[in-house]
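Here's a structure for you.
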């Protein structure tokens, strides 16, 4: 079965990472993955959450929101009162994933907020936020490194995320809109560049999945994530 | 390394499911798993969320909260203004897991709200909510079945959940408090009684994990879930 | 007219107070009064509200909530945004009643939060919260006394509460559900063990009441409260 | 002991009720009781709360707020987010008291909102709201009566409220600021003009009170309320 | 075309400023402008907003609210959750206008909150709040001056505001209700007593306006504001 | 005095309007005015606010928000609970301005929401939202016109807005960041292409301004707006 955009089942969408998109931020990228577009920007503050006071250790956290018309029909702003459950789940995932490769002790008592704002949503916004978030964090950290605030880069490894879906019985890497919305089951994988997992989430949307399917998903996702590491590295080298 | 409560690595905590705990509810259980205690109760309403209006299809949703002193130090109530991100994540997981075994079309336009209220939290409250939630839902559905509202039981399979953690390098089934809080990585598995996965969530809390570790976790979790199916079945048979 | 549950007009429902129900709390009980069941747990914090800063004096406050399915039809959680007027009124009453027998100056600058969570509501939850709250507070204070934090027990007297209703023209002690919901008028009395009143609240729900009725209500309530003092004392002695 | 403002213990403060204060309202008064000043205005709406839909019956409800500088130090507005527990308790009391003399069935499916806004607070604002509220409601109802919307006046009796406090051991009618703030115990009584009670609330603020004290309070309050009925009647007659 | 209340096009409504209306406030007036009535009261606090900490400079801010029945149909309270956009806009304008004539540096680190509460709204409540606010602020400042807290009066000039509307093609000073609600365009002018502008706001409600109209509006408004300065001065002199 | 970016006092910043930026929206542009960048997108819904039900008339409304890192230091999201006063003021201005040139009756009972999301804020975001909003609305309306839903274009004229500031005594068109933040006074002008005013707002931030200054501001602003009309027209012609 050919994919709607004629990609191979194991083929990522075209990816472009534009560094420095929001010029005031300590680090910022626009990541485009097919029609999905997310601005990810990093802000440093000289304070930490209460549970880290006087620990000498820093923190990385994320916020995630969609512009109202990033979606095919308008999504009301969270500002109507509270952050939706979906948004909270995503921002917790992004924060956890980036902390997973950061040497928090080396940050000192500083917080880094990673704002992920979706300009256009065509599936995979949470994993694009992680993949782009790594580059934005790298940019912020290397600026502080150049300024002598950090003695070395407080990153232990790269991190990137990708989605996989089971759609009409096929296992597809990096699903686009329809392949995501109508998936039988839906997976988000986050790995570091040592080949280890930071997060595996597999949800049966319409149909439970077997262990065999899970194994195939993990192999396909790992392949995609390795390509994302190369794209991240090329973006950083190009600076 | 012996476990703090001297269980074997592949041993569940003692589990007791008391049916009919909240007598007004359509279905209700108190599930005790070691020192974790959760009341799960099911309420039916003759209405559905807007996206299901005139679809002929029903819905199952969950709410999750902890009593303030279910925890070692007092946790302020969500009622202070908004539901915490953690609570939202859990209630979304519980709802999704129970919908995964329910024949929603057979419900008619009816909603079932599954309230999970934690009396005492000693790890594993979200998976206990799923395991107990299945029994509470069974009780509610069978009452409606007896009343002739349902022609057959709208459940396709059992569903149960279990946690696994990597703690001091050991892979441990159904971790208790310390094994959960200080885990290197933390997994929640939800399966149906056909041996398929409904949800796999694996999070590196302190340390990324290898594919080998994930494989071992999945095997251990499946073993534990099979025992939970037996406990559920015994509870139901005993009515 | 016999009562629905065949009690005499001046007869309390069966009462059971189980100490130590939530094991993490400084003091905790489950109080069951007929089908009404409330968990009351006490938490100490080493801080006081702003108006007591640097006063050397402590504070006792209460929070009250019902599990959604404690009631015959589901009551939505207060967490939807704000605490209902009824809940606020009750928690203010419970806090005031318990402060009425506590030597606040002897607490030092410490706060005691008394969480009252209703598992099942069959009338009288606010007075049961007070009656059980006294025992939970006693347990918390005596633990701190044993630890040498308090030199003596900072309680001046026992405190307990009871409801009385006028129902179909009869004055009934400790009304159960129907006798409460359909009462002509409804009274809550709180007394200390010196025979003094801490709170008298009498509300004409459907019918104003005469001075004679009020006098009879006060006599009946006092009789019930004296029995509650004995049950509290027996629970404490049994530890 | 002479009172601060040299009144006798059984003497009300000077009371003035100005009808028609907010000219747009269906009924409106400014009630001044000593230095306490409250605007009470009534609004009719052709709708009822959900629980009265299709019942043919109406409703009376109240809202209560203080201007920020009605108090000696500024009280922040409730609009900062939520209505304070105290405000909720008061508006529930005012609504209940006014419903206690209204023939709700005779209203048809109409709601009457009684807004009580405190311009200056020198004790007794809640009972002044009830006493003034009766006149405002009378004005609104008689306007509707004149318009032929009501066939007869849907009021069964007058209603008024008064405070009594125990202050430095003396029982004082209608306490002013200091006699209220520093009272040992504090009572609010609401009666109808048949001499029956609609609400009795007695709270031990600093000291529990005996049955003898309660008896004296009830007698004193009843005397004050009878005078309030005369003032209400004179205001209405004067129109 | 004669005006509804037979004023000349360049004639203000009758204005009365009653000083000392809320007796507890540092400064307070009731300003009546035709049927519009606003209480404006000033509260001093010995603290400043975060951005002025350690600056030695003070602040003046305003809050604005309407009593629910100040309007022809009832306006629900902002306290239902959030301040309406209109209220926020007005209180920002009032605060800005009063700061425009205050020597903030001479205040020291003190905040002055100007509460504007509308008892009756018949157009022009925001400009009446400014005009009355100046007098209330003057009263508060001169009290502090007499107490020696201020060495000199920290006011550089008078400030007052007035509305002008284009209604049925006529340019009208100080419009009343109908002339405001059904205006083609609507102007609010704030000036100091040196003849300079502090704020000009001109909004085309139903019809855009020409430069000629704007010129005429500015001339008419200035004339009205000069009269307001005289009324303010007379009020202050009369103390 | 040369400007920081060496523009002439009457020179606009370079402006670029990119149509079709958010591809799902009915109409969308990215407007860049110097370093200020705003996405403006229009959504149609087949419903109107309550006050227009059954009127046959439509509505245009706006929402405005800034990405957290659009500013030099991070601005917390409004989603923390409520929309800031500044955001509300801006979105009310944008909505009013666009309604000022729209034939609302010709829309039928349809709402158009204009979302203005600031990617980068370097002064003038509210007027850029209006200028860009006109083009986005034009795009949305012409799509509906092509589809035959509108018989003619429901726009009566172009509309655009510009800021002017008095900065170090100079009157400057279209101020950039520093010229805006540190302005003595600050003006926003909105005009239609018939040369009439829709909105004039002039605020003395640090210094009141004379009638002469206001006259000069109006002339300068009108000149700038005429250029904006040409840029809008060129963008539309280029489609």
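The letters A, B, C, D, E and F name the chains in turn, as written, and every chain counts its residues from 1.
Please note the rule applied: contacts are C-beta pairs under 8 Å (C-beta built on N, C-alpha and C of every residue); 3 or more make two chains touch, one makes a residue touch a chain.
To keep track of the chains, here are their UniProt names: A, B, C, D, E, F = Ribonuclease PH.
As the structure is a prediction and not an experimental result, all values here were calculated from the model.
Chains that touch both chain B (Ribonuclease PH) and chain E (Ribonuclease PH) are absent from this assembly.
Steps from chain A (Ribonuclease PH) to chain E (Ribonuclease PH), minimised over paths through touching chains, total 2.
Compared with chain D (Ribonuclease PH), the chain whose C-alpha mean position is the greatest distance off is A.
Mean C-alpha position of chain A (Ribonuclease PH) lies 28 Å from that of chain B (Ribonuclease PH).
Per-chain Cα centroids separate chain B (Ribonuclease PH) from chain C (Ribonuclease PH) by 33 Å.
Note on chain placement: the centre of chain B (Ribonuclease PH) and the centre of chain F (Ribonuclease PH) lie 51 Å apart, centres being C-alpha means.
Counting only residues that touch two or more partner chains, chain A (Ribonuclease PH) has 81-83.
Passing around the ring starting with chain E (Ribonuclease PH), then chain F (Ribonuclease PH), and so on, the chain order reads E, F, A, B, C, D. Of all residues in chain E (Ribonuclease PH), only 22-25, 28, 35, 39, 41, 43, 45, 63, 65, 67-74, 77-79, 81-83, 113, 115, 117, 119-120 touch chain D (Ribonuclease PH) in the complex they form.
Interface of chain E (Ribonuclease PH) with chain F (Ribonuclease PH) (complex): residues 82-83, 85, 88-89, 91-92, 96, 100, 191-192, 194-204, 208-211, 214, 218.
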